[in-house]
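Provided herewith is a single structure, encoded as structure tokens, for subsequent inquiry.
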């Protein structure tokens, strides 16, 4: 039903091989679902994949429409950074997904953060979006010109959109538990 | 003029003595003269303040768009004298909190409120600024009255411009010294609060009687002089 | 002494570089470098070169919401600009993870509070593609109809507030008068002026009432004349021309690099519109043109958006003419509530109704990025489903958030008044920027 | 002599009284409750770190001077206008035209010199 054009399965395999030639062992898996092509790559091979997809003449994925992170907590490679690439000539979209281990729980020290190469010099649009991914998930992008929090106050502690971060807010007061709020009736 | 709690207490005690007739001589003249000065001048000033409220352009989120449409010709707030939206806190009287107050914005809102000159009022427009609305999460302050005094809460998400105008009229009556009564005063339902039933664990009639007695005592102490009218308001909600 | 000689000498002392000839990012380097090395000389600065860093802060009448810009000024000239956001961050994406799929829709439409129909469509479209649910043609037409009405309303609010920033306050009254007629239509079809939650997963939640079509046709007849009035007011207005012509020009390649989409990109001469390029819903059946600018300055952005309003009116007329009969919501009971009268008779309907109302439907595990064309650019919705009845991750690629990066290229080197004009023409909605 | 100046004095007195009333009344009646934040500078809702005063550029000074120059010229035209009407003599008319022409030359010079456009 998805009428969005995309490279079909064989096309995707060709892309994967092209990337493999450039750098061995980057592409872990390719998948096509709901009419969308996804390339799952290792984090250290991301910059190579992006520059390959952008610069090889017949690929032409020169427009990065979105960069967003996601937290798949129960799954072992916990974090994933998604790069939604778009080739404007053929109107094809491809999603490069970099899986990131969470170093915090492997060697115990909590403040170690997952790291990834920043693609700001490849796609300048990623500057704000990488800062947002850092702000919400604590994913550090090496080489980012100005990696600060973008949405939360600068001195905020904790990464709000991780799945183990409590959603916050206050319990709603109904008549049965309104006694807790001091001087409620005033 | 906002009256501190102690002076109000003092006045109430003197009002009680006046009623019992044991206030005479110099105290009586001084009391009457002070009342005369404040009531008439106060009423005149409040009348002026109520009919020329300068709201502040303080748009936060979606309610700000409805707030703009308040100013335009269809839901004209100029009919109530509040057309001049001032951008600086120095010249504004009313701070309309139109939208959700995030934790990063709260200190800014508090600072702008502090920099406004007295007498000043705050209207929490929409559910988000009144109570955090549907965003019960880490990023939104659950209600602006957590960090600043709020006079009028207008429900709705976003509230219709007519609802904000109704809230504004309520605020004008509040400024004019005839605050619209909350539903408990209007229907004399004081003493039926839930807390009375559960004060000692399980619901007891004795707790309710104590609450009602406390309110009765409060009512005759007030002697019906300081603003809260005993009989239902003249405009039965149809003003 | 001839006038030219004096003029050149004046230019030298002013140190400013004529912005139009050079690449916009060049003057930035040498201006700040110049200031930096002069700072070392000590406080003996002439008044002209003194640098002042001030923030056009969260509470500012011209920032279209609570956006904070840290601006470094040299006299009237902007040398450095750093936007600071987050003053309206509402944690919507986190709240969505705690709600079932239906309950996410009211959250999602409150992000960019001017194009709420587009965000409903982005989310519902993404869910429908994930569960392979086909929506009936009537629902497609109704969705396109309401989205185009919302596009006109969003451009009207933009035109009113931006003309107000430039000084034409009368535009605010006229534009909001039209906006109210559109909101009456929304209220008629869905019951609420803003944040209507009119789209449901599987179509629209209620058919349009009887007199709706007549009212929309009256609006479509009225709107072009109103747009002519706006153009008569602003197109040849000398102040408006001087404020917007040749101001805030960013080259097409730089805009594409920065990921800018929407009227900003089309004003720079790039005909990229997702409705034409990659038609979703029923946009394939309508013929409409995409307005494209040439120079890419403030005036082109204004012209492009005004022309887009006319095209939207044409789309609405075609949608009304071709509105097919039939169901307005799909009848796949796993995702859509059965009609009320059926509850009394059939048991399955009751079971479906009960399941949908209590727990909501489950989406098989998977993730999808679905993007549509909102009034400000490409609006993408990325949903990760983990098989339960609550989305695992909802992320919105908001056009204002990405377009805001181009503000620096537009305004550095210009005057403060141009910065305010650029910000107005960029049309950021801070609810969408901060999410 | 005093008689002819009475209206001027009354007018000035009234002006001062009414002006003073408006200015001072506010201070007398208005509630006064200073708090530390209220006295600080307002910079869009954030604490402002601007310590030294901002020294204005040359352009502002230039425009101000030009305005004063050409504004005083208009003040001179008023009494002369009354005089021309009263005496109806051509000589006064020619004199004022020469005065205006002189200032026109000054304006054109300033304009060509480039002082009017903003730098």
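Per-chain residue numbering starts at 1, and chain names A, B, C and D are given in the order in which the chains are listed.
Quick note on the criterion: a contact is a pair of C-beta atoms (placed from the backbone, for glycine too) under 8 Å apart; a residue touches a chain by one contact, two chains touch by 3 or more.
For clarity, every value in this text was computed on a predicted model and none was experimentally measured.
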| item | value |
| --- | --- |
| Between A-B and A-C, the pair joined by more C-beta contacts | A-C |
| Interchain centroid distance [CA atoms averaged], chain A/chain C, Å | 23 |
| Chain A-chain B separation of Cα centroids, rounded to whole Å | 48 |
| Chain centre separation (chain C, chain D; CA means) in Å | 45 |
| Centre distance in Å when chain B and chain C are each reduced to the mean of their C-alpha atoms | 38 |
| Chain B: positions in contact with at least two other chains | 104, 108, 112, 135-140 |
| Where chain A touches two or more other chains, by residue | 151-153, 160, 165, 167-168 |
| Residues of chain C engaged with two or more neighbouring chains | 57-59, 86, 89, 91, 94-95, 434 |
| All pairs of touching chains, each written as two labels joined by a dash | A-B, A-C, B-C, B-D, C-D |
| Residues on chain B engaged by chain C in the complex (per definition of touch) | 57-62, 64-66, 68-69, 72-74, 87, 99-100, 102, 104-105, 108, 112, 134-140, 157-158, 160 |
| Chain D to chain C touching residues, read off their complex | 43-46, 48, 50, 54-59, 112-114, 118-119 |
| Touch list for chain B against partner chain D, complex | 1-2, 41, 45, 88-90, 108-109, 111-112, 114-115, 117-119 |
| Contact set on chain D toward chain B in their complex | 29-33, 35, 37-38, 40, 42, 45-47 |
| Of chain C, residues touching chain A in the complex | 85-86, 89, 91, 93-95, 97-98, 128-130, 132, 134, 256-261, 272, 277-280, 366-371, 378, 380, 382, 384, 386, 392-393, 395, 397, 401-402, 404-405, 434-435 |
